[in-house]
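Should a chain be cited, it is by its letter among A, B, C and D, assigned in written order, with residues numbered from 1 in that chain.
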């Protein structure tokens, strides 16, 4: 501000306009007739929505990020195989949502678990559907995960500078399989029970750490009332928390490093270079 | 004309008029717009396909009938009289152990003093007055004192009279009641129901729900009851 | 590449150096004697660590972010009150960790909940401590949250452009109180039981939506075996998930918009401006 | 000298020598470095204060004695003979309902054929041979067939002979056994224990843990047993 003329005290000066309050640039010409009522409504509704979005955008600065993310350049040759990663994530989200709702009825007690699972299936509205989605969705997720991994491997998308993302993906694979293992016990029928016994004893067969690993999973030396709550806690809290965090890191790296072109296009490019010579 | 005006003020209707390269004649939606819309719609349908059943699954108990259609024996007719309440224990949900047990107060119906009777339209009055101990303020258990013939709630001091009507404190309506009948000389207790201050009968409501005057429309019944 | 001289085929050319493999700039002079063994070890260990960090940094690009985050400029007058937000988050993390471990033993069944809570307290190693941390930690978190909110209010830090962060904070407050409510039922003693009955009936007292809200919380018209699993699912999955996501948004906005100076410094600045005139 | 060399090659030891403004004499750590270190140390201590007990809480079952010190009656002595196994059901954990029940096979000890006996050092041999049905391959339940006098596991075809020793298939050691004693003419079953191929006695181990030769050191016992 000028220091020559004594200015008004600050509280008397008009506030500088906030960015959102600037005069709207009149890109819509003055209407030459009275606007129709419907038009006016539509316009003000649109403006209201734009104002809300503008208000949010001004405070969060998401629009440059969103523009960069949604309209980013992708390599030539990007095809349907590139959607396998998103599909896997969608499967995870579906598992998370159905899982939260199943937890509202499920009871991780050795004497009540089977009963509550059958209550979900037979009594609750849409229970069979939701439990089925969770059960078959787990298989779908693992199939999609392996397909996504195969795509990455075959297209060579694990190479520099994407090694770290491959490593994170492998950890996600292991965690997803651990979800399958811990979830298998929860219906607590004969199949669940014996499959878990066998799986825990497989863990016990590792030299040196095996017995400790099995004891950790069982919560003691024998399969007891603690085992099923422990599997439930791993299935609901520990492993999904880790998976969600690692999916975040995985996506961050994908957004940062971009995707690769399919190998056949890279080969074409190489040949083009040779022909140019 | 409004049509002309909006044509002038907005983007041209046809993509060809906007000078887009490769626009087809008569095309009104850009291909990018179409793909975006299609992807959003497909994603929306896919999300709804699993989110809606899951939501219904979680919210279903709000719309299902919670009443249990069974009669529980609480003792022979000789246990009860019209001048004093007798506490009895019934089981509202066998699945939750101790928490499923509820105390009720039972006495014989007295045609002289019990007017009006909360009967179901034109049917006979219920032969026993069976009161729930759930205070209709916030659900604490009330206790009956014989000397003043009053029910008192320990939590916030609600007081009910001998008929279960509010006598003081915060409760909003009389104590809930239960259906009762006599079979082979034994008193049996059935479904819970709520009453308003005139002892008019309503479907079972939560404590704290008013049932008088216009209030009854602000606290709707469960859909299936 | 030059198109005049025929270059080697690509696979015969030496690979261009990756950024991490560039010659290290010799800021350490050539040693004039043989390096001592311990020194050498120390140096190579340091270099190894630096190489791992460099490898990660090259692929993730975290160091500019971290530098910006850790060495950002804060307003003059930033004081201990500004740590209340971090303290609240630390309390949440502590609740999450102890909660995951408590879930390994806790059984949300009306007939077993009290038993399993007393098993945790009396039988498991450090159980009393961990359960105590979770129980008292919840109070600590709510106290810290209110202090953080009071700091924000008194310092005027909710004003433009930080309104959205205040709104998120208020939602976090409500969710944290909901955690307190849902967690209170879980030990399933008389106090828990009646407090929950009263709390659910308080919810039922809202006109129009009240009865539905109460039915949703109870999972039916009466307190039943579903109520406690439902409270457990809300306490463990739905609400903590929302809280974690909103804490992320809250922190993003704090990092983006920065912190405010205390009001007395802003007042000083105003006076300075006046004096300058 | 190494000291001189490192002084020359690294940053000067004193902050004053590095030309820092406001450095004190003899100061070796910058104030920023000290604050950073202090904050990290305080944060580390605070995190450890809640993370370590929580971890111990979660991992404690790995280090606690899982054996149950109680004797369960399985019937009178007249039920059993040395030539055939009788199946009996005991309860290993009453808290888990059906899942806590386990079948065991019991027969009388035969001093002629049962050599060596898995006795505890110099004590008397256990008067009854009580075999666990838990296959030591991966924990499936084995079944006894009288005709071939063999135990067969349905999961992966493990076969054990009349003494419980491995006769074929993947199992790594003989079937686990239980302590047994006779009290007032009734047979009582006690703690589980494991044996290796020479029937030497070990603390109870998981299935799939080898106990012969050097293997036994690769599969440690639980710390408290």
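The rule is simple: a contact is a pair of C-beta atoms (placed from the backbone, for glycine too) under 8 Å apart; a residue touches a chain by one contact, two chains touch by 3 or more.
In this text, all values refer to a predicted model and were calculated from it rather than measured experimentally.
Chemist: Between chain A and chain C, how many steps is the shortest route if every step has to go to a touching chain?
Modeler: The fewest steps needed to get from chain A to chain C is 1.
Chemist: Among the chains here, which has the CA centroid at the largest distance from chain D's centroid?
Modeler: Computed centres place B farthest from chain D.
Chemist: Find the geometric centre of each of chain A and chain D from their Cα atoms only, then give the gap between the two centres in Å, rounded to an integer.
Modeler: Distance between chain centres, rounded to whole Å: 39 Å.
Chemist: What whole-number Å value describes the gap between the mean CA coordinates of chain A and chain B?
Modeler: Inter-chain centre distance comes to 37 Å.
Chemist: Quick one: chain B and chain D, Cα centre-to-centre, how many Å?
Modeler: Centre-to-centre distance between chain B and chain D: 53 Å.
Chemist: By the touch rule stated above, which residues of chain D touch at least two different other chains?
Modeler: As it turns out, chain D has residues touching two or more other chains at 58, 64.
Chemist: Show the residues in chain A shared as contacts by 2 or more other chains, in ascending order.
Modeler: 101, 104, 219, 225-226
Chemist: Should the pattern of chain-chain touching be classed as line, ring, star, complete or other?
Modeler: other
Chemist: Sort out which chains touch which and give me every pair.
Modeler: Here the touching chain pairs work out to A-B, A-C, A-D, B-C, C-D.
Chemist: Where on chain C is chain D touching in the complex?
Modeler: 28-29, 31-33, 35-36, 39, 90, 94, 97-98, 101, 104, 124-127, 129-130, 133
Chemist: Which residues of chain D touch chain A once you look at their complex with the stated criterion?
Modeler: For this pair, the touching residues of chain D are 58-59, 61-62, 64-67, 92-93, 95-100, 137-140, 155, 204-209, 218-222.
Chemist: Spell out the part of chain B that touches chain A in their complex, as residue ranges.
Modeler: 1-2, 5-6, 8-9, 46, 50-51, 53-58, 60, 64
Chemist: Under the touch definition given earlier, write down the residues of chain A that touch chain D in their complex.
Modeler: 110-111, 188, 193-194, 197-198, 200-202, 204-205, 207-208, 210-212, 214-216, 218-226, 228
Chemist: Looking at the complex, which residues from chain C come into contact with chain A?
Modeler: Checking each residue of chain C against chain A gives 3, 6-7, 9-10, 18, 56, 58-61, 96, 99-101, 103-109, 112, 116, 160-165, 219, 225-226, 229-230, 232-234, 236-238, 241, 252-253, 256-257, 270, 273-274, 276-277.
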